[in-house]
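Right, one structure below, let's go through it.
Should a chain be cited, it is by its letter among A, B, C and D, assigned in written order, with residues numbered from 1 in that chain.
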């Protein structure tokens, strides 16, 4: 039975806690740490039977009975806590992104090189049933050699302007998932990026130095052409689709909704909107990623999403940001760190 | 070049006239006859280049240059004009039903036995692209041995009460198409019928002695169980679907609509309603049935929907009506004529 | 914290055990009893932290700490154990059917009349997200007054012939869910039944005195006409659909599948088959029904599916069986017990 | 009754001839001219009742009874014949593109400035039922302010290498339709283009100096971001889709197919492939564009697709070609002519 500590018990930390409690019989949550600990979190821990509740995450790292930690604290703490945890010999599951600063991600990777701990980055969408179906169809050769990849990723509502300011920009905050998805679905690296964006939803986002709508095109090493479209505000909810077109055919996935019910009446033939946002849409994916993390430890296998994947996604995000600012295609090799 | 005369130049007569003019190069409309001839019809004929316009259909039957007639007049005239036309040596396309009276249909069949003319009944739905796809899937063995057939047929609005009174009842007026469809799709005869119906839309229909909503089940000679559901009033338009379930799988068809456009917004994900009614839905089927009628004549082939098909559909309708009135399953062999 | 005992720890008993462990924080499984107890079941109990494992269910009924029992043993034991449990003052969740013998169901109802325990019958499909969507659309008046109900229920494979022999016949074993669904969706009672069936899949089923394919029509008290079609063997998996047509429109649900992936290639445009069978399809519904059972106890509310519902479904099943044998519509009032 | 002459009676010329004969009662084909006249074309003309058949198109232009001409000859002849026809006072329907050379298109526009004839360019997709539905949804404000436009356009098979060599490149030959579609759907001009392309299907296309797969992004004057993806070879047939995402929602269209039939079996749930290619997919659009051309003449209205539209589409194509070659975004204002 693995003992796990959760560092950062906000919304996503609790999601992982629930998943482990319900679905992962080889592990249990021994402790949580949250610097903004409140009564709700204390009650939540109590309900889950988690007895050790701290404000200082170091208590978890110093606990010799802890086997692994989940780093779910704010983004700026991901890489320093990662390094501390690795040095303490704890396996690490780290929410994305590892860092906005590529050199600090590099430091995490270097630290991992000196250690034997497992390290997994929270690209949860790789574990989604729909995207796994695409991956499987592509990997099996069913659609032949991939030629075109299209990813649509639109949020139902923008984050707060305060969050936008520290988010690293839409490409590092939101599109980063799609960059990882492109690498995952095609099993190939991004070579060059061209990004165009606009402020079409909220001028305050523009004032904060960011865009809210974007189309990003990617050239992949294997020759595939890829395109991602993003919006911070979709009136019909969370829009998460992808399509790979290849020499023998095409595979695509549509959105999930709460039921298959369709009402036909005077107004038309109407089905449900997509599931509202990431917690609804990816609940099962969150459970699977954390299950796989535990299994990687228990069975001493590689994690399927590692620190290098974390690095690449940020690297593409940096190139996209540079492309947007300079209005030209940017090669990944141009980004130095 | 075949010379064709249209007897009864109402809505459906004009549809056939248009089809021949546009799509059938081996035939032309030489004359029309309509006892209620009006200016619109005269103008329509002029536009189509039809020079001979009569009130008396006998002028068409007596014209030695006429090869074939389309009988599109009121139902009660179908069988007598059929017999006259057959005797005059004209090929006949007759709208459904041939007659409400089975013995008079039998007379038409007997007359055909003494003649070499072609005779086709207007079961247009057999020529519809969707239903032909089901037929083809079933006939090819793709779904194996048929076990269950389901037909949904719902009109967007009921006919006038005056029409209801002379219609022969819903089973002879509306379900008759579905009875023919069951025979067509399964290539098997109906053995027994059980019908239940209700007056759920308009009590005036009930007062006129008819029902407006019904479910009819059929036992087929090949063992397939079939069910038809009908309504005289569907809020979302003309609902025309079918499904055959068999030992190896299932084939089904959905409704057609004006475009594939789907709008996703706050209210849901909304596609278009089905095409409104039979003229919109079956326009191409009307063209194909009349094309095939001309080809049967030109190539001296059997018509694909003959007088026997016309008889069977009415026979099933009679059995269904009897079943409704007596609230018991009725064998077709019980219906004497 | 409610203490629950599971009587009959086969497949479905374990499903309920998992659900309670994962999702129901107000209850825990204290004990299980299974007369065919094996090592797998012992291990399963151990994994779930269930310490009391018996072969004799009376040990559960005699345990004063037990608040509620789940009766998941063989059908013939449902009613006697129900009565014992009610007398012991335990709340009861009982798998369907309560009994094949209506008079014994009546005894359970009579016993409940003398008691204050909660009693819920395992019509799990009422808790399915799709069917709840239909129910909600109908109940809200969105489709107006219901006119036609259609239910399709087809299994991927027939049960063993040994099971068929003790199943009570297809209508009591399989269609019983659809009978309950008709009552649930329409909130109205069945008045009359007409059933037709055939042996189209396996002649051994016929030799065992049963049918494997059926169409059953129902007249409802509120005037709605309903039809159910069943097959014991669907080549494409578990087919679970329904549609209600009313004065203002229609609501329908399609099958669920493992993902929304669609592959377009030379062969066509292909989506996934429906989820294979009831365990895959109704996993979430099983969790919800058991959650609601616990909540009914905790909050002292009525259960949403009670013994009377259990009685009605069997009553309709008896009428359907009689209809099939006598080939005539049978009123529920004809069935005496 | 307008007299029309067809210049170039190849495949598309005959399509327009059929449409006029069948659907346009205010016009008839008086003559055709084709420099490669063959027996098939002579027979076709005879069947249509077209008595004047020439090899020299000037005979049509010199015929004072001719009101309008359809220029369906090879691309290099479009602009010179356009100018001759305009000077001869004939209304002109000209297949796309007017010319690969922008200055020659400008000459046509200049000539039109001195004339009162109608001039329509053959962007048939504007008349397609699906794309008109999107246009209508966008124009009506149903999806609010457009933010993102996505167009997918993939052919079932590449043209011959000989054709590729004279085609002007994929952007002028194939994407030109999508450029026009972007302008049409958004009612806004393209400001800047970024194109990336690859040779993924046939290296001979690369040797001929062209690409066979491309993604092109557009910045529109109204701020909308647009993306087009193209392939010369889609294994599942002609893929013609579009989607506009806006502040209030999204509208999208899917492909048309021959029927709605879906087969469910062991292999999955399979619908038909899209209609094979442009003749199948856009037959109705061809009829509507030519009908509208005639109506513009008869009612003295502006044509809905004029020479300026023809110019803009080629201009965007030139910018896309330049962008591809220079691997940078290109402003339309950079293209001089």
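Criterion: contacts are C-beta pairs under 8 Å (C-beta built on N, C-alpha and C of every residue); 3 or more make two chains touch, one makes a residue touch a chain.
The structure displayed is predicted, hence computed values, not measured ones.
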Among the other chains, which touch chain A and chain B together?
C, D
Please identify which chain has its centre, taken as the mean of its CA atoms, farthest from the centre of chain C.
D
Note: chain C sits from chain A at a C-alpha centroid distance in Å of 40
Between chain C and chain D, what is the gap in Å from one C-alpha centre to the other?
58
Centre to centre, by mean C-alpha position, how many angstrom separate chain A and chain D?
42
Please set out, as single numbers or ranges, the residues of chain A touching at least two other chains.
235-236, 239, 248-250, 264-266, 272
Touch list for chain C against partner chain D, complex
235-236, 239, 257, 264-273
Would you mind writing out the residues of chain B in touch with chain C in their complex?
144-145, 147-148, 150, 152, 154, 194, 196-198, 200-201, 213-215, 217, 219, 223, 225-227, 229, 231, 233-236, 239, 245, 247-250, 327-329
Which residues, counting only chain B, touch chain D once they are in their complex?
22-23, 25, 47, 129-130, 132-134, 137, 142-143, 248-256, 258-266, 272
